[in-house]
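You will see two complexes here that share chain A, one where it goes with chain B and one where it goes with chain C.
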Partner chain A sequence: MKRLFAALLSLCLAAALLTACGAPAADPDGPVTITIWHDKEDEVAAVLQEELDQLAPEIQVKLERKDGLTDSLKMVGNDPNAAPDMYFFAHDKIGVFAEMGILAPITDFVDEETLTGYLPMTIEAATYKGEIYQLPLYFETLLYMYNRLYMSDDEVPATTEELYAYMEQTTQGGHYGFVEQHSTAYYAAGWLHAFGGYILNSEGQPGLDDPNTVRALEYHKKFVSLMPTEGEYATVNTLFREGKAHSTIGGPWLVPTAREAGIDLGIAPMPVVDETGNPIAPYSGVQGIHVLKVAAERKHDAILKVLDVLTGDSVGTAIAAASGCAPARESCYEDPAVAEDEMVMAMYETAQNAVPMPNVPEMDVMWTVSENLLVEVNMQGADPQTSAAAAQQQALSLIEQMQ
Partner chain B sequence: MSRFKRWTAALLALLFLFVMAPAAAFAEGEDHILIYAQVPEDWQAPHIWAWADDGTNAFAAWPGEAMEADPDNPGWYRCWVPAAATNIIINASEGTVQTTDQKIEAKNTWFTIAGPEEVTVSYDQQTQGELPEYVATFKIHAQVPESWQDVGLWAWLDPDGTNAFDPWPGKAMAAGEDGWYTASAPVWVNRIIVNGNGGEVQTEDLSIDPAEIWVTVAEDGSAEFTYNDPNAPVAEDITVRVKAPADWAGPCLWAWSAPDGTNAFTAWPGEPLEDTGDGWLTLTVPGWVNSLIVNGSEGSVQTGDLSVEPGKDVWIVVTDAENAAVSYEEPADAASAPDSAAAPAAEPEAPAEETGGMAAGGIVAIVVVVILVAGGVFLAMKKKKS
Partner chain C sequence: MKQRKMTFYSWLCSAPSLLLILLIVVFPILYTAYISVTNMNVYHWFNFSFVGMENYRDALFVFDSGFLAALGRTVVWTALNMALQLVLAFVLASLLNIREFRGRKLYKTILMVPWAIPGYVSILLWKTGMFNSQFGLLNQWMEGLGLQAVRWLANDVSAFLCCTVVNLWLALPFMLMIMDGALQAVDKSFYESAILDGATWLQRAVHITIPEIRGIIGPAVLITLFTTFKQFDVIYLLTQQAGARTGANIHTILTYAYENAFITNNYGYSSAVSMIIFAVLVLFSTAVNRRKKEG
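Up next is the complex of A and B:
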């Protein structure tokens, strides 16, 4: 009796575990479910869901919002029972996941001719070691924004020296002519790029002690001296939203809240650095769809159809309308609704000079090292040359440990 | 259970009150309507008080906004109010006389007032000439030397040269009980002069932003200004008490006010915490501080940003860079701190959920169900057998 019970229990347990963990039984004629993890705002996800619902009932696409998406992928990305089929995220983790071997090249599904219809910057961002791992949907970059109540369109500084003069004239009594997250690497990178400096190049080599990087750090300090010492996200955005700052460099995510606060918002091209003739060139983030290797073969045909839908112009134009993001497909800009959207077009213009965030794994260690350098130089008054040399050594050491 | 419901109801009510509490003012960019009032001759300096049905006030404090005399219609005063403010009181003589509450529609309104309760309301224009266009305004406050009488405001747009008020010395500034004179100017001006004694004394040209501003004028006419209300209550200094990890050498405190970014100390890593011998490291900081960082080893190790309530003494137990517990009373288990008192400084990321399969909890639940079912089958079989 005991043996019978044990056998029964084992059978039940095995059945339960199979039911719990196993992929749905493949029915070649039945519906296929495609799961896409993402971290996007509801408006963007809703656009994608609506576009992909046209594949139902043959293909059911489930968009699942995932906190800590990249950490989860690191843990389960190669587990066919736990990983999603695709994910929708920025391009900067491509190197990490490609090195982990969990990504399938997007060219397994989308032909190269189709990809020629995308802005070159977006394809460049999606490429790692010669393979394209992302189907770009849209991109975002930082924008120069100003409050028209204080700064008229005619007063918008074309150069950084004009900006500095404006800051000197208007920063008084608790108001600021210009604020930015001066000691956050993502924001400061635009100044470094304008001087030909860089945080990390495409070969994964840090450039914190590059002479051009140091020159940018030195030049940038005088601007920081006319901003609040604390330059973190909450301070900068609140100052601008509350009408205590005339202008800022911020992401598109600032636009809705600034408009809700009643600010007559202007968006302009980035000022050109007088010394180099280059505009401030911020990082750009390209958001798109990636295919997990574990799903690439098992659900090849369904994934092909999903990507086919996503290569259509309607996705890009709908996302632009819903959230003001700039579409990755060039043909979307022929749509009058896109071409007339001030923010989208400002982002498009700024992106001409923007630098895609490095997508190599080494970037993971660079954010903290760069930010410590910025804090030392901007907030503690450290010598840029000395601090940059130390930061470079630390970066090299951390990268060596990674390898 | 009923006690739970009562508590829930009370909490919900509190939450509702918190969320729905009347705001002090309307949002920027509201539509506005024009209110005209013809008041009795002995009503001096008429003001308007206005509010919406939900209790939102149009103006910060009684008696409200000063009404401006209409130069084209002697005896009539006017003022713009947000269109959503459909409850009006006209008052005068520093709020000592006033009408009863007047309910109006959201359109331009003319009040003819013979007495507090003798008010005629009309939506047909009672004045002559074209109605002015709405222009947003901002308040300018000035504190002037005692020798300055009849304080006035001159404002214009530079370099265009368009004046807001004509003729010199411009608009009279109303004296407040707090010693500040106040007047409003249209938001298109960017230069002002505060003057007194009929324009005989004045400040230099002040280049300003069109935002509420406080100007302090010295005897020699020089002036300083700020966009932050100098009359806002100042919080008293607070004491910060810290327990820091033993391996953090020379612990320091960095303190500032968010979001304006005003720092309490001039340079990182801030001021050293003093050992007061009672087991706590202590430092006194200004009461307006609402953000702190504890750091050690010359700032090379630190907590994350710790938000604290302004004006309250605070106890911080730091376990490590990632973990710090903040409280406003001395923690009872401080003696055994830091480990026992520590809490994560930042919320950890949500654990990964699984999509393709099932979460571990789900699997455990299924296994339990299976065991129960199997046990049931076994018992049934056993019972049948017997």
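Up next is the complex of A and C:
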């Protein structure tokens, strides 16, 4: 009896293991459900959910927060049973997913004329090989922020040389005139762009050994020497929040925590590099909705209606009010609440010079290679010219290996 | 007939665990081997095809001088960590087994705590809480002593030592637990006789304890040897995390392969690199096992 029981149990366990591998059955009846994966903060998701709830009961929109969204999409992006219908993410992965063949062009649902109402930078960011794959909702870019307790509005540096003079004067005794994530590619890119240099161009060619990039690296070094060597997120932001750094270049995500910490926060335009006359031009990230190919045909009409709601001004203004993000639709800025928001308007101004993060697949390898170059130059004292040449070679070889 | 029935019954009872091993151990290895002979990458994600040994030919370029340096560093890292873990675990477990030692159960529990905290959290806590040059405890002490602040994770040697300390913190509880169990299994009458003969603590340790526990801790040493050899988290998170590099250049084979292959999103190529590292590990394991048998 005991043996029979053991045998049965083993059989059941083995069968359970195998059935767990099967796919769940789809429900063909009932209202259309549109699943949107995202990785955004709760405030933004709540705004979107509220706007899209007006489509109920015919269309139920389910916003699902997904950690490791891009990796999950790589796994299940073409599986109708496991993939979402749309996802809400930054534009920089468009190239990877378009090449993988899991994205449907947004122009299949939204007409070209509607898209002319968007800031050109956001549409440029959403375009890959001539096709627009994203409906932009808002964008973010880095801002120059300062603590009014130490730096008065009159003292805000207009140029990088003024900034350097301020740093020399105030960096002492545990205080820093200016801090930034100096050896992180996303942050350092702004300096490279101000010199005409670049990490990767829109054709997917690296520009680490471009003479302008090297000039920027050389110039940037003197600023790094007056900052803490640890240039990572935690150190830089903590120094600013604790009032030990007078100014910084940070993302909009720093603003709420800095205000909570009691910092009298000022936001100013990016300093202009004296040598070139161009301001520091950081990367911008455009957040928006992408449609997956697996859903594009099956749920065409429902997706059309969802996107129709999202092309309205109310979504942009509501997101701006909830989280201080800058809307992608030009007409949102006519709204008084948006026009009076200091942070949103600062981001709008910076966006005039901001460079959309490259959305080509090659960028995936460039983050690591350019960061290694920055570490060598800024932390290990390597010669920018030599290191840049080696980094360029490594970038080229890694890009070749992608194929 | 009865024999055959018995065999079938044994296989049936082992089936669930064998199936599980097949699914989570054997299948991924076989699938990686399969992917390694295809051109699966961003440009051929779902329509990949067989490309033969092409990826292996390309993968050999990863095994350049940088890889050899990383391999050497990995061997030193494994040897140093194993030696420190064995010595420290032995000393601590011996102390915890002194019967007159009051509160030893409490200490035993406290020493297990690092094991209960997720590794990722522990590593980042060490990074910012201890080693950070602005806020870290170590530099607060240095300042208190009137010394210059040190960039602990910025140069290769000190970063390597810091990684070793954090790895010890994470790995010691396991070794300590095994060692403690092994020590308790040693027959106490051996010690009584030895004490009567006038043997010192060291003599008892060398002639009784170590030979007695060797068989028990053997598998634990082997497991730790491999986890240390293929350690990625400690070194990557402390010194090389994207956006938070510290300036030290202390690659092990896995972090090196990550930076020179895995970031390319070329799964065929990365799988080939993984298979070669897998082969290195198998060779290493065979060598260690052979030595163990001979020893």
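Going forward, the second predicted complex is superposed on the first by the 373 of 403 C-alpha atoms of A that agree within 3 Å, B and C clash if a C-alpha of one lies under 4 Å from a C-alpha of the other, contacts with A are read in each partner's own complex, and residues count from 1 in each chain.
The working rule: a residue touches a chain if its C-beta (ideal position, glycine included) is under 8 Å from a C-beta of that chain, and two chains touch if they have at least 3 such contacts.
Bear in mind that the values here come from a model prediction, so they are computed numbers and not experimental data.
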Worksheet item: Which holds for A:Pro211: it touches chain B only (first), chain C only (second), both, or neither?
Response: neither
Item to complete: In the overlay, answer first, second, both or neither for which of chain B and chain C A:Gln169 touches.
Response: first
Worksheet item: First (chain B), second (chain C), both or neither: which does A:Pro31 touch?
Response: neither
Practice prompt. Give one of first, second, both or neither to describe whether A:Val375 is in contact with chain B, with chain C, with both, or with none.
Written response: both
Worksheet item: Which partner does A:Glu64 reach: the first (chain B), the second (chain C), both, or neither?
Response: first
Worksheet item: More residues of chain A are touched by which chain, chain B or chain C?
Response: B
Practice prompt. Could you tell me if A:Gly262 is touching chain B, chain C, both of them or neither one (first, second, both, neither)?
Written response: first
Fill in: Partner chain in contact with A:Thr238 - chain B first, chain C second, else both or neither
both
Worksheet item: Thinking of the overlay built on chain A, is A:Glu99 touched by chain B (first), by chain C (second), by both, or by neither?
Response: second
Worksheet item: First (chain B), second (chain C), both or neither: which does A:Asn81 touch?
Response: first
Discussion item. Need the overlap of the two footprints on chain A, from chain B and from chain C, as residue ranges.
Written reply: 13, 17, 21, 228-230, 232, 234-235, 238-239, 375, 379-380
Practice prompt. Using the touch rule from the top, collect the residues of chain C that touch chain A in their complex.
Written response: 9, 12-13, 15-16, 19-20, 23, 41-43, 45-46, 58, 61, 128, 132-135, 151, 154, 241-247, 249, 259-261, 263-266, 269
Worksheet item: Which residues, counting only chain A, touch chain B once they are in their complex?
Response: 1, 4-5, 8-9, 12-13, 15-17, 19-23, 35, 37, 64, 66-68, 71-72, 75-76, 79-84, 149-150, 169-170, 172-175, 228-232, 234-235, 237-239, 242-244, 246, 261-263, 375, 379-381
Worksheet item: Which chain B residues qualify as touching chain A in the complex?
Response: 27-29, 187, 207-211, 213, 224-228, 256, 258-263, 267-268, 291, 299, 305, 349-358, 362-363, 366-367, 369-371, 373-374, 377-378, 381-382
Discussion item. Quick check: in the complex, which residue numbers of chain A touch chain C?
Written reply: 3, 6-7, 10-11, 13-14, 17-18, 21, 74, 78, 96, 99-102, 181, 183-184, 186, 228-230, 232-235, 238-239, 361, 364-365, 367-368, 371-372, 375, 379-380, 397-398, 401-403
